[in-house]
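One chain, chain A, appears in both complexes that follow, with chain B as partner in the first and chain C in the second.
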Partner chain A sequence: MATKREHTEESTSATKRVKMENGNGKLDSANNPYLAHWNDDKTASADALADFRRHATTAEQASAAEDGPLNPFTGRSLSNRYMGILKKRRELPVHKQRDEFLKLYQENQILVFVGETGSGKTTQIPQFVLFDDMPHKSAQMVACTQPRRVAAMSVAQRVAEEMDVELGEEVGYSIRFEDKTGPNTMLKYMTDGMLLREAMHDNNLTRYSTIILDEAHERTLATDILMGLLKEVVLRRKDLKLIIMSATLDATKFQKYFHNAPLLAVPGRTHPVEIFYTPAPERDYVEAALRTVLQIHATEDEGDILLFLTGEEEIEDACRKINLEAQDLIREGGAGPLVVYPLYGTLPPAQQQKIFSPAPPPTQPGGRPGRKCIVSTNIAETSLTIDGIVYVVDPGFSKQKVYNPRIRVESLLVSPISKASAQQRAGRAGRTRPGKCFRLYTEEAFKKELIEQTYPEVLRSNLASTVLELKKLGVEDLVHFDLMDPPAPETLMRALEELNYLACLDDEGELTTLGSLASQFPLDPALAVMLIVSPEFYCSNEILSLTALLSVPQIFVRPANNRKRADEMKDLFAHPDGDHLTMLNVYHAFKSEEAQANPKQWCHDHFLSYRALQQADNVRMQLKRIMEREELELMSTPFDNKKYYENIRRALVAGFFMQVAKREGNGKTYTTVKDDQSVLLHPSTVLGQDSEWVVYNEFVLTTKNYIRTVTSVKPEWLLDIAPNYYDIQSFKKGEIKTALQRVATKVQRKEAEKGKR
Partner chain B sequence: MTQSDEEDDYMNMVFEDAPKGPTHETALQRAARKRKEGEARARQKTKAEREAEAEEARETALATALPETNKGFKMMAKFGFKQGDTLGKSENARKEPIQVSIKEGRSGIGVESEKKRKLREAWDEAARAAKRSKEEEGDYLEERKQHLKEKKMERDLDSAQRTAERLSGQEDEDKGGQPKEEKQLKDVNVLWRIRARRREEKQRDLQQKKELDNSLTSRLPTLANDEDEEDDDSKVALGRDLNPFYTSLETELEPEDPELADFEGLPVAERLHEVLVFLREKYKYCLYCGYQYPDAAMEGCPGLTEEDHD
Partner chain C sequence: MGLAAPKNRSRISNDPQNTTWANNTSRFGHRILTQQGWTPGSSLGAADAAHAAHYTAASHSHIRVLLKDDNLGLGAKRGSERAENFGLAGFASILGRLNGNTEEVKKEEERQEKIQQRAYVYHKYGFMNFVSGGFLVGDKIEKGIKREDVEVKTEVKSEPESSNNEVREKKSKKRKRASDEEGVKAEEQSAEQPKLKRKRKSLNLREEAAKEDAGSESTSKSRKEKKDKKEKKDKKSKVSSETPATDTPTSASEPLSDKARRKAEKRVRKEEKKLKKALKKAAKEAGKSNPTTEGPSSESEDEEESPSASSAPSTGISTPASGASGLTFTPRGMHAVRQRYIRQKKLASMDPQALKEIFMIKTP
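Right after this comes the complex of A and B.
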């Protein structure tokens, strides 16, 4: 009861404030020319929303306002297209429960909302909130977070259309390195990571009246941290409302975590899905998957196929093979036409869009119907909804990020999916009509070998960056920070240690000036530190470019059918000292006049990803802005100076001194410093010469241990630039310690000689 | 199993009573050792060796928790963190990082465990087979022994039957009865009737052989009158004389003897037993003493069976 009273008080105070503003507006607009636009806005929108009392509206009222004729938020007349969309919107499952939703929303500060994919929750719930919360009246916003950038962008676009407004005006989005919002924005779709960054500057998130965490079941790192944070913020800000939206029914975990918040569930529009298991385990899951797809195509009724595989290479390969085999089927077995589309994160958006094109028509009138087959990573599992899928083929694997603090490796590994994931995949077959899901494992394996839930990202990530953010957010006691699934203590231990070596935290665990500065950059701490200290090495321009290049997907393209040519092209840019410098050469060439004349063609000719380079250019611009804001000097060593590349390599050491490996004897094998892991240089490296010491960007775990993106460095630099980390006393007895000792003695002797002279 | 193998491991190369070498190595030995060690160091490891080493190093590192000397630990201790604690506020937070398991190849879900299961099954099967073969080994010896024993018993039975027949023949002669040859098969005591039967069969075989020889000689081309020299078959075929046909049929017919069949169906041990008992009771004869005792007490004979005579 107490909470209810609180809310009524709040709503009255809110209405009071609104009234006052209205009053002021009327008063001032007459004689204050600066506030003239207030008047326009208010009179226009007052038509529909004037009688709305905040947190006391009904679905009926909202529907009336939606019907127009004027747009209740802009006051402009509504288009025909809007009316068409509105009709469809009202058929969505969530619409039936609008009143129920509003009641719970009004009565509670926190609400857990469960709606299966297809219920319309992502697009509709924020709009329901707008009509009741009316954030614009208090100059606030409603935020709706998405785990993926693409989703944030596409949903914002869709909702802008539904509300008949311009994207970037009333409805906008904000993702890393791109902000499409304006002063009128009242509904903001954003990545969860962006909201977390905003919280760093505004610990109470005062710009927002309601925060919706969408796709919370995906349990991304940022969503988990946000939940921990918002759990505290709601105690400080009683006027802030929080909605947790999840697509799976295990929402009780969310309820429990948020002090038994009420739950509202909306059924999705799903049809039954029949599940088939294999009688025995499959020896080769890709082979089995291809066989299954072709069998479906040859024998099953009309309906599209969705096959889940693990990665780009595997998917492209499978697409090729299915295409070939399908040709035979069509020719010999009289099967209908089959079109195969790949789908994975790094695929250009235009090609991603292809998956929505309809299945091909029969080859001749009256012939067997055509079919499309989508071969996808697990992005088709939750985030993308493809209609027309009737058959799902699930080999039971996905690529998952794994982090282990003991050997400090963060890698994408092919791992078995969870039961929850398998169910989600199966559900994809029942979107349009009853479907079938073919699991390429036995029922017993499903029961015994698959874990219940996929591990949340927070358990599988390096937390250095998160710890820095939390420190910046003012969370002092990280040990007792209330995460839904706290990671192993060692993960936090390692993160704190790394930040200490990077001088972002002092020995007491307090944020240093450098740490505070590093937290301003949306980058990994090592990259941020490298960028911040780069002026000391007279190469901040170059390090800025390099940081941008390391923050985007792979810039080198190596198509399976043209590897040799691609490698030849890469050799044009190769720098003998390593991959970082090679990437820099590519970027400089890309920015040259010759390339910029027709950058797309130039990239194509040189086997480079135009999209990645363009993105790097954009990231560079954003980072440059932050550097300018933080008054970090941008400078370069003259290119003809022989120290040009050396300075860059030294700056690289300043950030990546914890990612160094030394060659074992004269062999090919390297050993990582401190962790003593035996690694090989990734075959993609250009590093040709014998380099005893290298810094690496990534430790990749496959059946072999690889280090990727490597550049040769001098051991003297390590001792000079990171003396804390390269404290020889702290090293285990072994080849590396001996080598470092030798270097230290040499350096001392040299200095002594200098001293004599 | 392994235990007992270790116990009597005759391949063991450790000579416990071998003389101990000198405790200090000589300069020569040291030089040799150094050289060997150097060679071992300088040798390029094979790819497989390197991979195995890398994997081992990785697994070791993965199994080793960060020590308390870690700087991060000290920062956490400031907030009351102790070794063995978990983070956050939930009760069942994790203590250990998630296991890193690297998938090799494209085997489907369940293949690994299926492999393990199969391996375990094969192992169990091998263990069972080993056990069984051991049992079978014992069985074989046992069987062999039994076989030999039976053979011996058969021999004993044969001689016991011969003796019984002889003694009974003597008795018949003493009584002035028919000699054994003229006795009808069914009148012979079933205990040794088989002997008489075998004899008869042998006789018949000889007879048939003789007849065959005769008929062969008769078929040899002669210039004599064909009419009279026709063999039995021809006669039968021509329907002039059907007698030979019936006689040969008759002789070929085995007379039914259920009594003999019953007796011969018994195990050799029982048959032997019965004959031995018969010999003792009727003739006070012991096969193993090889002696016909004068009185029923059979004083001096240790018993019925061979074992009694050991």
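Right after this comes the complex of A and C.
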């Protein structure tokens, strides 16, 4: 009884306040003070949002509704846990500016929101929007995009807890291969790629009343395309609201891009970070980094260390070395305990979670405090927030993707970071208390050698699949498509040409049926085309497996301390005709009963990555579903048929005829067809040196140029399957042209002989 | 490394930039783009975009990246790329003069000369290290607490930079010292001023130490100073590698090979504990009685010994002993950790330093 009365009192007082604020000027019966008696019984009902007027609410109203005691969205009573979280939520920096945010949000269609990491923007802003937008009343949703799947999942989980609802009900998420939403869902976290896919089917995104593009500063390919797209959609749909959220303070570019949209900046909870440079350049940045870490551990005050390195191998190696040295340090130097955690994208989620565990306690009570050290790629730069980091060690490098459209190579290369990136890294040290950032380069190098901003992905990628998506999205004029950073013209040309050769675009640049079908697959166009045409070669089952295997990380494990044994195991699966077939053998073996009895152990014994294979299995299932939906037949050539492997190789050519190399004379070097690049077979290949023509999956750029994952093919197939590409007239004079001519005449003669008979 | 560097042979294709493709204007992609209103040489994107000023060079042509296949730090240059290694420095200075930058060129030359001198001395005798004792203002020694803070940090910073290349190390040391005094982060300084200041500082040191000896200094202040000194000393001992003070907490952050060497020594020493202790004493005395070229050096020795001796009974040899024989400077560098243990064993039997200790041969 008492609680009930309290509730009514609270609600009425809340509405009174609302009336005071909203009553003036705005004519609406719900807020009209003279009609207050109408509202009284409404507020007593479960729906605390009943008298909220869409896009005219205030922060005060919303916080009253948040206070409960009933959940304003579900009508159930709120748990104690919710109240605890609510208190913490209200301490977040964004909360102070809720009114300001609502005002700007209500007045503008597009809003640029800048909040440093830790301001709470990713979790709070969508909830602020919910209270004002109330999408459930118009059967719409609020979407919040995230560049990473893990982030989408974990943030959705967190927000569901904050709102005291079940994940998948009012709050859900949608990522590739997983959709955890329901009919009640009003707030949906999703990857930017997923929203782009949805836009393909629903060009106006009518399901959404507000779209929030989070982490826009990361400038992923999908976010960039979405921004270009939404810029046009907001003109068509005046009721759609758009919020661009970024963590970098330099948002003028975003503002300019979105017709001078208003900016709201919320300071993060950050402390000053002292920055140190080396007086002279380092000869070995890894060694310098390790020494710095150990030194920090030995000499600096309590606080965790974050070290940025470039890749998985480097990180694992560094972790091992730090561990070894730290043991000495503890034993001899009396330093506190030090735990080292690696962190990189391909690390299993369970191990990624370890980085959040607290630093170890002192070895004995009253001893020197323990410390944790996280050695990470640049994923800890913006996306992951780790509390307790006080020291950041920044060697100034990261692995970045680059694409060279001229030789058609997309590769991950270690290159210097940008100034913006360096500042982000340094900022990680000031999350909990004043920190220090040790930069392993000179101040001069910082000023002179680093570029201002990291290049967005759209400038660093092969755009073939993006162009296909854009065509599917109905963008006709690619030249004038308004991207924040337009790609290099040559990159776009290459993409168009690749799609043209793959017959996804016709000679006028229009999307073909094949192209439209290929865009249904979340795959590279070459892989998608290979998959679509595989029924013609009677091997769609096998190509399906192969496609899945090619879209996951490396399946072969080759630990540094057991290379020989790993190679022996790989030889068990080797197929003389090449790596693609070897991978297929692995997959078939993996799916055999013997392996499935204890797949983990089996993979370990055979030096295979269980995770990658499992992932491949998962991807295969998803692709299979799409194939079934598109009515593509799944079939296999009988295994005892002589043509079993030949068919697979021919299907491979159908997708990868643009990635073919021919051996030069009798030497080791190969030359790529048309692009004329000298390459070598990657040492990991099972293929002998005697295949004249090979199709490759990947061009790897190192001091020597390698082609990886190769399978030998016959030149006759090339002429037969891709006559457009292998139009001999178009080749420039050289070894490849003569070889192809020879093959062509041979084929002609054979056919003539056949005709005679 | 220069000419002795490992050769990386790689074949360059006939047309590594694939100009055949780039110059061909009858391609499909080229045709479609021109059809849609693109003109060669212009960038893509909306016409008259408001944000066009933010476009980067990468919107015109693809990003070009240098292939990095080593662990060279940012801004560091390979041996053959450094101007001074090929006499190009002289050429650069001539060009600099011709361009009217006489002042800067002169400064740079002086700097280089200083570095070389330092390198020579370091090679030959090893370095002495000093700790800041504040500035003598009138009769009192003033300690810039704030500056001290920065000082320590810059040192922390500069340490990891130590390298196989002594010349560079010297350079950084010099700069470090400069930054010590200026209380600012490492910057290129004219070499003159810091030197003067350093002298003054050493004077301060001497006086201060004398005061301490007499016990006239207020306890609290001297304690604070000592603490500072200790901190600094820790670091210096690392940088210089001339004090194998194995037991100082910072020792592990020394370059690993160096540490391995000391470890080996330690093992030997464990076997010969008594012997070593005697040696240590002798060495200490030798160090004290050593006629030093610079006055305050004996002071700093004392300081270096006292805390380490008190904190750990199994301290290594004191500074002067190894400093005098400190010409056995081993190049630093991170080696494979796995090889370390093998090396340690080897070193224990092969390191002349260790052997000398075992056989009680006094080094001159």
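To be clear about the criterion, the second predicted complex is superposed on the first by the 710 of 757 C-alpha atoms of A that agree within 3 Å, B and C clash if a C-alpha of one lies under 4 Å from a C-alpha of the other, contacts with A are read in each partner's own complex, and residues count from 1 in each chain.
Going forward, a contact is a pair of C-beta atoms (placed from the backbone, for glycine too) under 8 Å apart; a residue touches a chain by one contact, two chains touch by 3 or more.
Computed from a prediction, not measured in an experiment: that's the story for all the values here.
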| item | value |
| --- | --- |
| Chain A as common anchor, with chain B and chain C clashing or fitting | clash |
| Partner chain in contact with A:265 - chain B first, chain C second, else both or neither | neither |
| Which of chain B and chain C A:667 touches, first, second, both or neither | first |
| When both partners are placed on the shared chain, which of chain B and chain C touches more of chain A | C |
| First (chain B), second (chain C), both or neither touched by A:678 | both |
| Chain B versus chain C as contact partner of A:291, first or second or both or neither | second |
| Which superposed partner A:335 touches (first chain B, second chain C, both, neither) | second |
| Chain B versus chain C as contact partner of A:150, first or second or both or neither | neither |
| Which superposed partner A:409 touches (first chain B, second chain C, both, neither) | first |
| Partner chain in contact with A:494 - chain B first, chain C second, else both or neither | both |
| Identified clashing stretch of chain B versus chain C [27-35, 117-125 or 207-215] | 117-125 |
| Common interface positions of chain A, toward chain B and toward chain C | 278, 280-288, 395-397, 402-407, 413-416, 440-442, 444-445, 448-450, 455, 459-460, 477-497, 500, 507, 509, 669, 675-678, 701-705 |
| Footprint of chain A on chain C - complex, ascending | 8, 10-22, 27-30, 32-33, 35-38, 40, 42-47, 49-51, 53-56, 58-63, 65-69, 71-77, 153-154, 156-161, 163-165, 168, 171-172, 175-176, 179, 185-187, 231, 234-235, 238, 246-256, 259, 333-334, 337 |
| Residues of chain A that touch chain C when the two form their complex | 253, 256-257, 259-260, 274, 276-292, 294-300, 320-321, 324-326, 328-329, 332-335, 395-397, 400, 402-407, 413-416, 436, 438, 440-445, 448-450, 453, 455, 459-460, 477-497, 500, 507, 509, 669, 671, 674-678, 701-705, 732 |
| Touching residues on chain A, where the partner in the complex is chain B | 278, 280-288, 395-397, 402-407, 409, 413-416, 440-442, 444-446, 448-450, 455, 459-460, 477-497, 500-501, 505, 507-509, 667, 669, 675-679, 701-705 |
| Residues of chain B defined as touching chain A within the complex | 44-45, 50-51, 53-54, 57-58, 61-62, 64-66, 70-76, 78-81, 85-90, 93-98, 100-111, 113-114 |
